[in-house]
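Some notes on the structure that comes next.
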Amino acid sequence: MSYTELQVTTNFSFLRGASHPEELVEQASMYGYSRIAITDRNSLAGIVRAHVAAKKKGLTIIPACRLDLLDGPSLLAYPTDRDAYSRLSGLLTTGNLRAEKGKCHLYKKDVYEYARGLLLIALPPGTLNERFEYDPSFVKVLQEYREAFGTQLFLAASRSYQGDDAKKLYRLNQLAKQWSVPLVATNDVHYHHPDRRQLQDIVTCVREKCTIHTAGFHLHPNAERYLKPIAEMQRLFRQYPDAIHQTQAVAEACRFSLDELKYVYPEEITTGGRTPQEELTMLTWQGAQERFGATIPEKMVTAIQHELSFIGEMNYAAYFLTVHDIVRFARQQSILCQGRGSAANSTVCYCLGITSVDPTKFDLLFERFLSSARNEPPDIDVDFEHERREEVMQYIYRKYGRDRAAIVATVTQQHQKGAIRDVGKAMG
Amino acid sequence: MSRFVSVWFRHLITDWFSVRQPSLKSKPFVVTAPSHGRMVITAVNAVAASGGLYPGMVLADARALVPGLTAMDHRPNLSATLLHKIAEWCIRFTPCVAVDEPDGLLLDVTGCAHLWHGEEKYLATIVKRLEERGYSTRAGMADTVGVAWAVARFGKHSVIKSGTDTEAMWHLPPEALRLEPEVVERLYKLGLRQVHDFIGMPRPALRRRFGAALLLRLDQAMGRATETIHPVQPAEPWQERLPCLEPIITATGIAIALERLLDVLCQRLVQSEKGLRLARFKGYRVDGKIEQVEIGTHRPSNNKKHLCKLFEDKLTTIEPDLGIELFVLEAPTVEAHTPGQSALWETSRGLESIRLSELIDRIAGRVGADRIHRYLPDEHHWPERSIKPAGSLQQQPAIPWTLERPRPLQLLARPEPILVTAPIPDYPPMLFRYQGHLHKIAKADGPERIEAEWWLRNGEHRDYYYVEDEDGQRYWLFRLGHYQSDQPVQWFLHGFFV
Amino acid sequence: MPSDKIDIIARLRQELLPLQGFRHVAGNSMPGVQLGPINGHFPGRVFPLGAVHEWIGDEAASSGFVAGILAALMRKGGVILWISTSRTLFPPALSFFGIQPDQIIFIDLASERELLWVMEEALKCQSLAAVVGELRSLPFTASRRLQLAVEQSQVTGFILRRPGKLTTTACVTRWKITALPSTQEEQLPGIGFPVWNVELLKVRNGRPGSWQLTWAEGMFREIAPAAALPQRQKKIV
C-alpha cells in the first residue's frame, strides 16, 4: 500500500510555504515517494521548478493547485490531461484578471465552468462545532460540490494533531459515505522538514505584517505540516486505509506532465503562415536594411546569418519575436524602452530595434550571447519608461492571455536584502 | 501680595554637634578642617564666638585666645544635608520651603499665617519650634525674599508689615542686600553705610560703580524684580493642608481631620470635573516623623463618602505618638471625571458600575490590590500563556474568547508528574496513577500537540490528552516531547475537566 | 376545606416565603435558570435567587455545574466575583458555558477569614450578578451573615465546599455534584458532553431529589439514567 502526498504548499504560495520545491522533492525522494503533487494557492508557479528538480530525482510531479474561493471551501485541483491543465490555467487567469496584482478572485461557479478533466479535493474546516460535527454550511456546500463535480470530487482528511483528529476522521468518513465522496489522506504539507517551523512562523509574520510576538493565532500550534514518511502516513490513517489507497487513485488519474508543454508558444505571432524562424529571418533582414541602408556591411551579414542559424538551432525564434512584438508596440505608443541582457547583445536584436547599440561600432559581444545562451535560455530584459509600463503590461495581457504573462509577472520572490529586513521586523 | 519668611541659623553646624552631644553646649568649641597644612576653623559656637573666635582662623591661634577649646572635625556637605532635612520638617508650616545656602531657609508663607492667629505668632512659633530642636534661629518676614532675608540677619523687627518693605530696608547696612563682599567694601569706602544712602542714586551711576548685581538686589528687595524659590518638595496641585495648633492624639481627631480635608479636596475635584485615583493622607508628628496612609481607586472618584470609607480601615495604622500638628491630604493621580459618567456608572450592572468599583476599592484597601485579578485572552497556544492579567477593571479583550480546543475548568499552576501506561508512540494512555489511585481510561481525545513557543522559550512540545476514567472523572494529561525508546517518558497531570 | 381558606393558606404561604429567605426579584427581570426537572423542586418552581447555595462533591464538576447557572445569571450583563484561597479555576474554560471570562473578577486571598469578609461585602453589592466563594469550612453564624446579606441585596451566592468538615449551615440549598461518564452518539470517538449526577440534598421549602444532567449546546439537559451506573468509591468531602 503506497501513498502520494497530494497537498503540498511551496514557497511559491507567497509567504505561506517555507520550503523550496527542490527541497520538498529532495525529501520526497529520500522517503521513497514516487510522486507528489504541488498545490500552491491559486497558482501554478511552483510546479516548474518542482518538475525540473523531480526529473533529476526520478520523481513525478503532479502539477496542481489549491483553489481558494471567495464563496466556498477551498478545493485542490488536479488536471488529468493537457486540456484540463489549459482549463485550470484559464480559470486562474480569470481570477487574476478580476483582482489587483498578485491576487486571484475565484468563485464556485468559475470552478464549475472549468472543471472538465479536473479532479477536485474539498478541504474541510479545521474545527468541529459544539456538537462535534462539521458545520452544516460545509456539509451543504459539499453536497453542492458533489452535484457539480460528480465522481471527480474527493474529500481531504488530514491529521493535524489538534486534539480531535479521531473525531474529525470519523465525521469525514461519515460524510464521505453519506455523499459518496471518497476520503483522501493528505498532510497539508507546508515544509519539507519539521525544523522549518521557525521559518514558517517568520514567513507567516511577514505575510500578516506582524512580529513574532504579536502573530498569535496566525501561527500554527505545532510543526506537523511537514512531509511525513509514507509509513508514518499509513500509521496515522490505519483506521482509514481507503484514504491512503485513494491517493494512488487520484495520482494515477493525473497523467498530465509539464513535459507536454515544452514547445507551446504563442502561435499568432507569425504572419502569412511562416514559421517563427522564417518570420524572424524576414524581420531581421528588413530591420538590417533600415539600420544599415541598402548595402549591409559584409561583417554584419555574416553576423546575422550566424546568429539566425544559432537561434534556429536552439529553437529560440519565437522568443525573439515576442520581445520584438512588445518593443514594436511600445515604439508605436512612443513609450521609451531599451533592451539589455545576454541575448540583447546580438545583431539580430539591433536589427529588430530591441537594442540601439550599433554592433558595427562595438565589437559585439555575440560570442558572449552564444556562450551563455548555450547553457540557459536567452534573456532579454526590456526596460520601459516607468510611468507607462502599465500600458505595456496591459498589451501583453491582452495579446497573450494573462496566465502566460502572469507566471512571470506575478511571482514575487523575496530577495535576500528585503527578506533579512522582514525577518528583522518579524522578530520585533 | 506674597509673604516670605527667611530663617537664619547662626550656628547651624555647631548647634548640630551640641544637639548630639549636649555637654558641648556650654563650652567653647569649633569645627576645623585642614587647609594648606594647617587646621583652620570652619564654624564656631556661640561661646567660642563671644571669645573672639571666627571662621577662617587658624586653630593654633584660636587655642592661644581661648584655652580649653574643643575642636571637632569638619564634615563635608553637613550644612546642605542639615538644611534639607530641616526644610522638610518645616513643611508643617507651609508646603513651599526652600534651602537657602549656606545657613538659612526660605519659606513662601503666603496665606499661611492666619491659621496661627497672625503673623507675629506664626513667626514666633517657627522660631520657637526650631529653637526647641536646638538651633539658634533668627527669622524675618516680609513681602519679598530680599527684605525677609535682610531683617532676619540685620533687622530689629522681625515681621515687616506688608507694604512697608522699603522703609524697613532704609537703615540697614549694605550687606543686608546679599551683595558680594567687594561691593560692600567699596560702598563702605565711599561712606555709604546704610541703604538709604544710595537707594536714591541714579541707576546708571550705581551700575557703573558697583555693577548690575547691586541693582538686581535692590529691585528684588523693593519687589520690582521677581525672585523664585525652589521648594524641597514640588508643589502638589491637588493638596489640602490642615495645621493644628494643638497636636492631635486621638483617633477621632484624626478622622475629623481626614473628613475636613476630603471635604475641601472633593469639592475642588467636583468643580474641576476631576476624580482622584490615588490619595495620600499624611500626619506630621511633633517629633518630626511623618505618618501616612494611601488609598487607590479603580476609577476616578470624588465621592467623599466612598473615599472616606476606603481610608477608614487604614486610619488605625496612624500612630500619633505625642501628637500630629499638621495633616496633609494629597492626590498625586487625578483624572477627568464628568458628572455624566458617574450617572452612567451608577445605573450600570457591568464592570462600569460605580458600586462595583467602590466595592473593589474597598477590597483592595483591605486585602491589597494584588489579590484582585481579572483576565483577558492572549493569543498564545501554550495554555499557561493563553490568558493575561487585565490592566484595569474596564480593559476590554482585544480578541474574542475562543474555545476551539477543550480546556479544563481547573488548571494546576504546576503540572504534576504522574505515572502513565500508554501505547507508543503517541496513542492515548490506558492507565494512570494519581495520588495513589489507579485510573483506567475509558475514553480519550488527543493528542493535541502544542509546541513550545520558540521565540519565548526553548523546550519540548506537549502532547495533551483529554481523558475520562471509568468513573467518569475527566482529566487533562500530557506527555512532554516525543516518545523515545532510549529515554524515560515524562507524563503530567495538568487539569480537571467538568 | 372551603376554597377561600385554601386561597388564604396559599397566600399566607407566599407571604411566608420572603420571611424565610425567598424573594422574587421585582418584575421578574432576571432570566430564569433552566434546570429542567429540578425547577419543579424549588419553592415557586424557580431557582432561588437572592439566596446562598452550597455545593459539595467533585470540585471540577460542581464548579462546572455552577458555571452553567452563572451563565444564566449573567445573560443580562453583570459581573461575578469569584473568591478563593486556593484557586485553580482556569478562566478560558468558562467560555464552554457561554460565560465571558473577563466578566469574572477573582479575589485570591490568604485566609478563609478574609474570604468571609470579602464575600459578605460582595454579597451586599447589588451591582454583582453573583458571588462565588470556595471554602473549606463555613461556621453556621458565618453562613447566617451571608444569607442576611443577600436577603437585603438580592444577590445570589454560591459556596463551593472544598475538602473540610461539613456542618449545618444557613444556606438555602445544599447540592452534591458527581461526575459521570460523558455522553455522545454511539461510535463517535473520544469524550462527549459532560454528565453529572446532581443531588439536591436540601432545599428550604422545596423537595430534595436526584437527577442526571448534561451540558450540551449551551444548556442543561436531563438524560435518562444509564442502565448500570458505574459504582464509585465514596469520597469524603
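The letters A, B and C name the chains in turn, as written, and every chain counts its residues from 1.
Convention: contacts are C-beta pairs under 8 Å (C-beta built on N, C-alpha and C of every residue); 3 or more make two chains touch, one makes a residue touch a chain.
Given the structure is predicted, the values throughout are model-derived calculations rather than measurements.
Taken as a graph of touching chains, this assembly is complete, with every chain in contact with every other. By number of C-beta pairs in contact, B-C leads when A-B and B-C are compared.
As a whole-number value, the distance joining the C-alpha centres of chain A and chain C reads 61 Å. Distance from the chain A centre to the chain B centre is 68 Å, each centre being the mean of its Cα atoms.
Averaging Cα coordinates per chain places chain B and chain C 48 Å apart.
Residues of chain B in contact with two or more other chains: 406, 445, 466. The set of chain A residues that touch two or more partner chains comprises 164, 166-167. Among the residues of chain C, those in touch with two or more other chains are 189-190, 192.
Partner chain A is touched in their complex by these residues of chain C: 184, 187-190, 192, 216-218. Within the complex, the chain B residues that touch chain C are 348-351, 353, 355-356, 359-360, 362-363, 366-367, 371-377, 383, 386-387, 390, 393, 396-397, 401-403, 406-413, 442-445, 466-468, 470-474, 495-498. Interface of chain B with chain A (complex): residues 378-381, 399, 404-406, 445-451, 454-455, 461, 463-464, 466.
Here chain C touches chain B in the complex through residues 58-61, 63-65, 67, 76-79, 88-96, 100-110, 114, 117-118, 121-122, 125-129, 178-182, 189-192, 194-196, 215, 230, 232-233, going by the rule given at the top. On the chain A side of its complex with chain C, the touching residues are 130-132, 164, 166-167, 170.
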